[in-house]
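Both complexes below contain chain A, partnered by chain B and then by chain C.
Right after this comes the complex of A and B.
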């Protein structure tokens, strides 16, 4: 899908990565044009979260290169990538449970914004957070915690947004609300990579999808085109495993 | 009234110093998740360097204070963070505790090495002699300055933690280290800031407290540890509550000192004078029991880097036989004085062994093994005065009962709070209970004057117990040689007992409790039962160890069972592996046989220093030296009979030449050291050479295999590969056949389409 004339926000060139000597991703080549919303799909253990960890700099590849905005960033410190405009909302609840809502948002001022401005923007999108600004994040409901996590993406003006299973453990209506906010972010031209296990969750916002099977890209194409093939791809991988 | 005001002012001054210490401790814990047992030692560094600058070099006190606060404090924090604490990520609470205890021991040893502890060091207050009068009481200006500094420090720390982004980052990092990185924050810089500020508060407190006490490393460290009670009142996270705790602590200490300590006329004062010294630990114990406890953040479930393997019957039998035979063989060699010192080995080893089930298996952090040991020694001395063998049994039972009693208030505490509670118990025993004057123990029929039992008890018999060595089946064990061998036999029997325990249902329950307290509860098991059992077993073993140690010393004083001694044992056991039944042997040998100090008296601090150096490195190797280094490096030797036999023969030969006085003891010691160092390395080198030879011989020049290489018997099963899976491609490139076989074994097809 990536065009040679389109500026690539993210490129992975022959990336292999894993943990403690066990390789999870094998020789991945991937280009994500600027402004595209890419859905990374796949069954459990396919390497989706590992892929995001590599993109965010949390995991250094064993081989290959990570190129962001045309610059090779392999091995760069994740805090440096964050300050340069890469925002990862990790799997689970990406909040600090022992800090208040307000203090959580304060930590989003790393790109020059002020505490007041950050709160203003977050509470405009998620008014419920404003009502709970002095409450500990750990005492919020799952959906509210995920709103708080997503606020980081809204207030830091990232160039690249990485979302890892935003829908996990949440009611469908809450998920729909959250993805509506993601869609608004994407509409401003932000490159978004969203990891989900189920295609239905992201088919409304993703331009393109890839299916990771066994650490390799098994399918790549417009989300509508690859959706019918996902079943057979998942099934084949299951058959191989068993 | 004026007396009360005076005591109150004194108490508030003390509270100010405690508040500074406790706030720093709380800040470090809340922002790093590490409870710094060496906080008091940092304060001692501050006091010593301040003394050196002002008294030793005659510098201006204000300049010296400035250097301490601006250079020494932050410097300590940054060095400690970079050199030690950074490696503790993912380690258990036990490892973290052992590392900071090792740091405490090391700093105390280092200070005693640099500044002769026999020389008295007096520090003059910053402002000398001047005073104001308040409510009719004379209040030194220095005390006012101390209180003002405490207020400023408390407010500044609170402002930092809650009103500054850096402070919020410091708190956030404990919640989720990865997430704070994703917010663009450097965790290294944040951790260094936390440690720098924490250490600076400790150094400042050390400088402020120095004029009020003698500057001595161990006592200053322990004095500052009193402030732990204040930090616990603040639940290790609330600075205002911490300050309140410091005020309670300071006032209770001052009132106790004023109304009890200096009043010999009140009834029972001779029993209560010692109590005054332990008021802080009593406050700590009460705070632990009665304050509502939140779940400690550092104790949350995490992927631990520690593993625990069960000892085998074969392994423990071999170990027991070696222990007894080696002890019998070695006893003729040392000089009489050295042999007498060595008799302590198995007593200390048994006390160390008591930590294995409690800390290593059940994960209960107790730091009072020497207190249980002292109970054993006291019971033996009082109830088996002629050295009756059953005195050991009674020692074990009595200590087990004390351990079980202690476990009741301790069962509900989190690991860190339990460690603090047991530390409080140990210090209270050390400074008060074991030093009580004689008292009458009376059992009387209620509502009558009829005594069923009356006995005068003097716990440590006026300063030193008389512990007779046992007589067993007509065999007199009073000689050093016989007693040492007897100790080895008792230790070997204890190894068998612990192996049985580890392999029993109770042993599994202990491990389950350590691995996942939540999982343990959800399968319907009672945490209290296992905790009580673990405490009782551990204390019982320590009690027997204490009886043996008492017998070795023969006239032990309470100092022989001091709190600091127990910490050294604990640290050495953790260094070698707290879950390994072999580690106590190392503790016994290392702590009871100070070889270096014998040869070079100036190296008297070598044992604690080496302990500390090894201990602070635990972050790199949390499983301990036995599991991570010794066992893997020696296991290969058991299959290399020629090398093992040859090396052992050399050591045996050197033993006999030494026994025949052809060579000196040092020759035998050198042979043993060479054996320990050379054998594992030689084994590794031989294995590598053999593997390399075989791999080359079994390959043809075009990389094709002539036939599958047979696995070395008992070493690997190669499943048709040209080498064991872990050695494939180490010496030669992978052949196509290896790749195909690997694919087949892994069930991932024939390898076609591979682009590598």
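Right after this comes the complex of A and C.
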């Protein structure tokens, strides 16, 4: 789990970003060593999803640089990053509801895999999806949709996996199952950045955590060390806002 | 990469392989647009060539000259057709991608 090296898979250098002139992230400096599982924690509106959007190339920073594997990729086409091995599972699952489970998986054959191979890999990790291969993705339960989203990511063999609130609206047992799969993926050398509101959901898999408060990194360190300080950091930010 | 490889090395190798495969940001951002522009240029040149060839062939009484100009005209039309296909491919590709995203987003909102 604690597979860290000095080679940085992801770096943000002085990144500020936002929407329509409103700055959400303020001068963020962050480096994620290859193979690390980083949890990005914080209350609503802290800028967690914005941070992921910057990492995925979906949002161009107003200032600063996105560096991937030592190469500056600020303003790069997100579709190119995705094709090369950067995978984002957005909040709200990101499956195609009007396609079947199999068809959703077939969309992942763009990186040289065959339909049969992507199905084999996905159904090995999540056998329940195999039983529902002809069912429309929109008719699956929330947990199954998240499994499908995650399996779509796994079959592309990503180098970097970005997860946005995987646990949202799901039962704790389903969340535990999903994060067990994420842990298995991380063990294969994938660098994982996972956004969550609650530390308990990720404390089993994350090597390190950062707490974003008001668009700034308020805490940074091993999950066990920052957990006791999270409550006071969240509370302080709430007091500041009110 | 073997199964017995150290996880830290495996992760570093994977990240390096990913980084090596990335094109430079400035190179790939405008590729779609460049191809679309190339398509338009081919269309314009092709149509221009065809018009010039038509005018020249009408002005000439020599059948040999006319044959050459007809060939030139057909080449121009071919170039315009190919340019049109290239333009549609790279301009519609972008459009369809956004259309697909919109469909997905609307489905999620339902």
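Basically, the second predicted complex is superposed on the first by the 237 of 242 C-alpha atoms of A that agree within 3 Å, B and C clash if a C-alpha of one lies under 4 Å from a C-alpha of the other, contacts with A are read in each partner's own complex, and residues count from 1 in each chain.
What we mean here is this: contacts are C-beta pairs under 8 Å (C-beta built on N, C-alpha and C of every residue); 3 or more make two chains touch, one makes a residue touch a chain.
Nothing here was measured: the structure is a model prediction, and the numbers come from that model.
Novice: Based on the superposed arrangement around chain A, label chain B with chain C as either clash or fit.
Specialist: Aligned on chain A, chain B and chain C clash with each other.
Novice: Does chain B (first) or chain C (second) touch A:98, or do both, or does neither?
Specialist: After superposition on chain A, A:98 lies in contact with both partners, chain B and chain C.
Novice: Should A:106 be classified as contacting the first partner (chain B), the second (chain C), both, or neither?
Specialist: A:106: touches chain B, not chain C.
Novice: Go through the superposed model and pick first if A:34 touches only chain B, second if only chain C, both, or neither.
Specialist: After superposition on chain A, A:34 lies in contact with chain C alone.
Novice: Given the touch rule stated above, what does A:79 touch, chain B (first), chain C (second), both, or neither?
Specialist: A:79 sits against chain B and chain C alike.
Novice: With the two structures laid over each other on chain A, which partner does A:211 touch: chain B (first), chain C (second), both, or neither?
Specialist: neither
Novice: After superposition on the shared chain, which partner residues are touched by A:154: those of chain B (first), chain C (second), both, or neither?
Specialist: Touch partners of A:154: none, neither chain B nor chain C.
Novice: With both complexes superposed on chain A, which partner does A:46 reach: first (chain B), second (chain C), both or neither?
Specialist: In the superposition, A:46 contacts neither chain B nor chain C.
Novice: Under the stated touch criterion, name the partner, chain B or chain C, that contacts more residues in chain A.
Specialist: C
Novice: With chain A superposed, which of the segments 188-196, 224-232, 458-466 or 674-682 in chain B collides sterically with chain C?
Specialist: Among 188-196, 224-232, 458-466 or 674-682, only one stretch of chain B overlaps chain C, namely 188-196.
Novice: What part of chain A is shared between its chain B contacts and its chain C contacts?
Specialist: 77, 79-80, 96-98.
Novice: Name, in rising order, each residue of chain A that touches chain C in their complex.
Specialist: Listed in rising order, the residues are 3-5, 7-9, 33-36, 68-77, 79-81, 84-86, 92, 96-98, 138, 159-160, 187-191.
Novice: Taking the touch rule as given, give the residues of chain A at its contact with chain B in the complex, in rising order.
Specialist: Interface residues on chain A, with respect to chain B: 27, 56, 58, 77-80, 82-83, 87-88, 90, 94-99, 103-104, 106-111, 115, 152, 240.
Novice: If you look only at chain B, which of its residues touch chain A in the complex?
Specialist: Listed in rising order, the residues are 165, 168-169, 171-172, 174-176, 178-187, 297, 747-748, 755-756.
Novice: Would you tell me which residues of chain C are touching chain A in their complex?
Specialist: On the chain C side, the touching residues are 1, 7-25, 28-29, 97, 103-104, 107-108.
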